[in-house]
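Next up, some structures in structure tokens.
After this come two complexes, each holding subunit A, first together with subunit B and then together with subunit C.
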Partner chain A sequence: MMLAAPVIAVALTLVVGAVLFTLLGHDGLGAILEIFVKPLFNPYRWQDLLVKAAPLAMIATGLAIGFRANVWNIGAEGQYILGGLAGTGIALATLDMSGGWILPLMLLAGIVGGMAWAAIPAVLKTTLGVNEILSSLMLNYVAIQLLYYLMRGPWKDPMGFNFPQTAMFTADQTLPMVVPGTLIHLGVPLAVAVALTAFFVMTRTITGFQMRVVGLAPKAAAFGGFGAASTVWIALMAGGGLAGFAGILEASGPFGQMVPQFPTGYGYTAIIVAFLGRLNPLGILLAAMVLALTYVGGESAQTTIGLPSAATGVFQAMMLFFLLATDILVRYRVVSGRAAPKTARAPGKAEAEAKSGAKTGETKVVTA
Partner chain B sequence: MTAKAAAPRLELKGISKRFPGVVANDQVSFAVPAGTIHALLGENGAGKSTLVKIIYGVQSADEGAIVFDGNLVQIGSPKEARALGIGMVFQHFSLFEAMTVLENIALGMDDPPPRRQLEARVREVLDSYGLSLDPHRYVHTLSVGERQRIEIVRALLQEPRLLIMDEPTSVLTPQEVEELFKTLWRLANEGCSILYISHKLHEIEVLCESATILRGGKVVGSCDPRRESAKSMAEMMIGGSLKDLSDKSDCSYGEDRFTVSGLSAPGEPPFGTSLKDVSFSVRSGEIFGIAGVAGNGQNELLAVISGETQAGVTGSIRLEGRELSQLSVGARRKAGLASSPEERNGHAAVPAMSLAENAILSARSRMGLASGGVIKGGAAKDYATRVIEAFSVKATGPAAAAGSLSGGNLQKFVMGREIMQNPAVFVVSQPTWGVDAGAASFIRQAMIDLVAKGASVVVVSQDLDELLELCDRLAVINEGRLSEAMDVKGIDIEKVGLLMGGVHGSEIDGAGAGRAADPSHAPAKRPEPAL
Partner chain C sequence: MSLDLLVAILMTIAGAATPLLIAGLGELVVEKSGVLNLGVEGMMLIGAVTGFAVATTTGFPVLGAFAAMVAAALASAIFAVLVLTLMANQVATGLALTIFGTGVSALIGAPFVGITTPTLGTIFPDWLTSTPLLRLVFGHSPLVYLGLLLTLGVWWFLNRSRAGLILRAVGESDTAAHAIGYPVLKVRYLAILFGGAMAGLAGSYYSLVLTPMWAERLTAGRGWIAIALVVFASWRPGRMLAGAYLFGLVITMELQAKAAGFNMFAPEFLAALPYIATIAVLAIISAAKRGSANAPACLGKSFRATA
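Right, the complex of A and B next:
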């Protein structure tokens, strides 16, 4: 049933979404078809799906490692931006150089940048006990302001007609395409490789075991010799590192430069992906495709049937909402309150009746 | 007795209950007259829990009838059971840790009175039954023993006519057991029937007037415990003869192997017990006991020794001269120090994980269940299988979830997991809590075998009988302080009881005549009701 919950959630999202947009005066059924069905049958859209799904899967994989251990890193958006910025820093410093070492260095810088940003909530949590949900979330806004400052100040392209953006990356700083003639860049197979690696780590290594034990039974983890601090660090470094990696892959791939529009909410959507994928790296690959569909379909629905751009967000939010709801309902059962028969409520009274021979207890209620 | 109603308070007629693959109860019939204390005996898995769940309305029987005070009843829920006047004290508590004692009691009631009124009633019950408990304390700050008192108060508040008690004395001092028995006798004399489940057969001998013995879901006999011995009852439960623990008097002690000196540690905030200057040493080949009432620093001591608590700890812990107090949990284990905490579910084992994974939890370094950070799945499975076989754990195999095992079987697995690593020192808390007679004697024998090989064992237990049977020396912990160690041979039970209750040093010497060691140091016999 735990595996059925995401399927039910997606189905409910489609049904309720159709009703909702019909009530709002749109063609509800058409919107569903446009967003969730048509991109699947349009081979030209498949590459878009993969390109959108890759960063979502990569970030969600990192988050899921922490979520398993109940470390709630909500700051993937900021870590994604910092990863992009760190890699961009390398790119801007090497604009005049060439060589195969530049791109790997940028990617490494991206990972380190994301980790560094995630290290802030990790330090706060392990030394002062600061709740990582709040600290990591708030750092997202700091990261966005840092991005805006760099775009409008020090990193602005001197030849860019005063547009707030960096210079275009050189060929040595851009991700190669893996399928010639398409948009499918190196980040797509990398995302799959990361998910497979994470699957191995979570199921076959002591580190993965540690994360699972901490999530299931924190006291047992302490008994087993897994420190609370090391768990927080592993969780945030995995989440931050992979978010930063996704960030630099986006910057050096689809963007090819750094722009203020760089953050597109992948860091938040990845939270939905992680849960929809049941915190399992393989499930996350599938869930990333579903969420990518809302992006790709949502964009095309804007032009074809004039759906507002907010529709994408509405569908994503509904999906998380229904997922959380079905998770609860899979585990629990709604029981209507049934009061005990009045006569039997007060023990004294029941006793009196029992003594007088009244069969108070007989065939009262039998329910399954 | 004949003056009481002719119909028994509770009569079971041919109760059967089947679960997929197992018959939990098979045509169980017996009767409990009004005002009697009736024992329900049987090993873990004999069907006692299922039976009382049926009586309390938690589960429904597939076949059979329940007659209460002469009326045929269908008990569809605990609420209906309570309405009939059936109260129950469960072995596993259902308490909300983040709420106070009073709030928990109110939540357990179908029709709670206003707060102030309830508090007055709770205090009345506490006073009249001599139970000490602060209604405003938060449950998470309470010891196991104190938590159990909440459950007892909960049941007593309903003024029950049939009280079901599942393992109620496992966490009490001898004096507290005596108090509880007085309470139960008083209740019985007031006409309340008590269905009493316990593995402590010495207590049943004293407390109960009749007993029904279950084995494999069937009634295999009944007896008058006052005319039986603990051993004869245990043998009826097991359906075979009980092996006596091998005598360890012939084993010789070696050097001091494990020495704790001047150990102090702050308690868990806000209400934990801090450890104050705890010192003791254990020789090789020796079992050292730490007696005491729950919540006097036992859990803190175990966490400090195992390394789970490191903050604010002062003092030294030495194993064969090597200082351990600065080492991590894993490093201590590698050095040969194994431990097993009181709580099995969620502390010594992860319920949602398989037994093989639970083997990895604490045996991975000593048993080589991982290399280079990668789990060796086959080795973990093998080790779990070996533990299951050597300790006769009833489980479907190494892939069974730890949470699917009964308490006694999980404890056997946990003990086996630690003992089969051949530790130099094994520190264990409550090794046989809630474990049936057969399994308990198995676990005790395993510890005796371990010290026979030259290891040292420290047993922290609230079960004094167990410590007297097992240990060579013991000390008493009270409010975080450990008493002088005493030789178990010729020990003064009265003195131990007083130490457990917090009376120290010179006060005891003045207390005069103490009772000599007697494994069945039992409370006084039941007074006859005044007619």
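Right, the complex of A and C next:
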């Protein structure tokens, strides 16, 4: 059942998506083939899939740790930007230097940058009780403006013909490729390693246990001595740190510099990845590939059949809708029939009560 | 400062506040019924693009505003089915609705980028807006007055009507309300649809009043500010009015500073100001009350009838 809901959700997205886009005057079936099928059979596209899936998986892994504990960090987009910016700051300071220490320092700065941005909602939540959904989300908009400011002003490449972007990173500041001759950079194996580590942490350590208990049974967690503040901090540091890590990996990898177009919505899409992966790091790896497919396939569908770029977002949202809708299959078991009314009632009243009973009697909780 | 300029500024404040007020009041009613709908931004975008599309194709902006309400209410119905009937997580579903609205609006709006539409004009005759002071009273968009009336209406509904009392009961204790015999899910369905319609109307304000055009992500996160305002308002319509106009002031400051070539702050800082202000306001309000003391007790929880 754990796997059923995501599989059904993806299947429903394909079917309903085909119908919806046909109704909107596009080639619906063609869109589905172009987005979800063709990239799978084109070996040249596989590397694109991995490169897109890596940041999604990494961010989603961090978010899922928080979501497990009902800490709703939806500021991953901003934390991703800040991670990229912090690493870029190191890169710009070391443009004239060389050495193997520069890239690790940049990556570390990226993690710290993401954590620092996530620390703002964490402090506000733990000291004042500010809702982390709203504060973390607002910071996304602030992060984008910070990026624009740095690109337009202080960090603009002096030799860049007045384009709002930084200088290109040097070879020592660029992520190495793990498979020569492809686009597959170090971030891809790192994303897998992060997910495996997170799987171990969530299933085998006391911290992982804490996050799961707080989410499943907050009262039991409190009696068990798991502090609410420490849970919030762990959640936001994991989410912010990994989003920041993904940010600097993107900046030092595919981008190779910092540009205003750096934020591409990975921070939001990663929320879908986290849910589609059932908040499980291994599931997230799979889900990241599915969502990467919508990006890669969506891009090629733009050129081949002229599908608007916005279609990608619609498919992604539909997937989350259908997942949430089919989730009820996982949490509840549909029991056919219902308890028959025991006493005789007036016909009208009996019918009304049977109707309301239909709502209540048909679903039965399966205690997990 | 001349009277003309002052009146212009005050009118800009009212204009910037109105969509926040309308969407915020809708969300306030939804939350009072115990449901947290984080899809306001998405519904506003759907409203904005539908309003624009209908106004341009028919030539009637009023029709556009109505269509915006219907379209956003339909979008909110998806949310309602998921969280009420299928008991999906409200936070996740609301986020999905926002992502959906962003994508769908961009999709529908693609053919409409770059063209302008007839806007919703004023409703009073010209002679009533001939002087600055008269303009301050009679020169607004009809939606500005509607926002004020809506504040009064929502206040009356929640605090003086029987239906409002039932809605609040459902939001404070769904099980008790159910035990007495109130239709919990029906009340919440209606509240969500109302919230959707209001978000749609607020969204159409951006494409039919503020700027007579459509661009992707036109509402730029204002839907989230509207949700934050509900917390700021402690779930009270009167305070929602104050909060919306306060934010109208912040947004107007940004616009005025840009227009006046005010160089002390970077334009990016001014653009970030409404969002920073939202965080600051949330921090202050939370510090003052140690959390959200006045929040509906059942906010965000799924309801499953047991008996």
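Throughout what follows, the second predicted complex is superposed on the first by the 326 of 368 C-alpha atoms of A that agree within 3 Å, B and C clash if a C-alpha of one lies under 4 Å from a C-alpha of the other, contacts with A are read in each partner's own complex, and residues count from 1 in each chain.
Keep in mind that, in the parts below, a contact is a pair of C-beta atoms (placed from the backbone, for glycine too) under 8 Å apart; a residue touches a chain by one contact, two chains touch by 3 or more.
Small disclaimer: the values here were computed from a predicted structure and weren't measured.
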Return first, second, both or neither, reflecting whether A:L146 touches subunit B, subunit C, both chains, or no partner chain.
second
Could you say whether A:R204 touches subunit B, subunit C, both of them, or neither, answering first, second, both or neither?
first
On the A-aligned overlay, A:N73 touches which partner chain: subunit B = first, subunit C = second, or both, or neither?
neither
Quick one: is A:I328 in contact with subunit B, with subunit C, with both, or with neither? Answer first, second, both or neither.
second
When both partners are placed on the shared chain, which of subunit B and subunit C touches more of subunit A:
C
Figure out whether A:L216 sits in contact with subunit B (first) or subunit C (second), or with both, or with neither.
first
Where on subunit A do the contacts from subunit B and from subunit C line up?
359-360, 363, 365
Of all residues in subunit C, which touch subunit A in the complex?
38, 78, 81-82, 86-89, 91-93, 95-97, 99-100, 102-104, 106-107, 110, 185, 216, 220-221, 224, 227-228, 231, 266, 268-269, 271-272, 275-276, 278-279, 282-283, 286-287, 290-292, 304-307
Where on subunit A is subunit B touching in the complex?
204-207, 209, 212-213, 216-217, 219-220, 222-225, 227, 340-341, 344-347, 350-351, 354, 359-367
Residue ranges of subunit A touching subunit C (in the complex, touch as defined)
24, 72, 74, 120, 124, 128-131, 133-135, 137-139, 141-142, 145-146, 148-149, 152-153, 268, 271-272, 275, 308-318, 320-321, 324-325, 327-328, 331-332, 356, 359-360, 363, 365
Would you mind writing out the residues of subunit B in touch with subunit A in their complex?
60, 68-69, 71-77, 79-80, 82-85, 110-111, 158-159, 161, 306-308, 328-330, 333, 339, 341, 343, 346-353, 357, 360-362, 364, 370, 373-375, 377
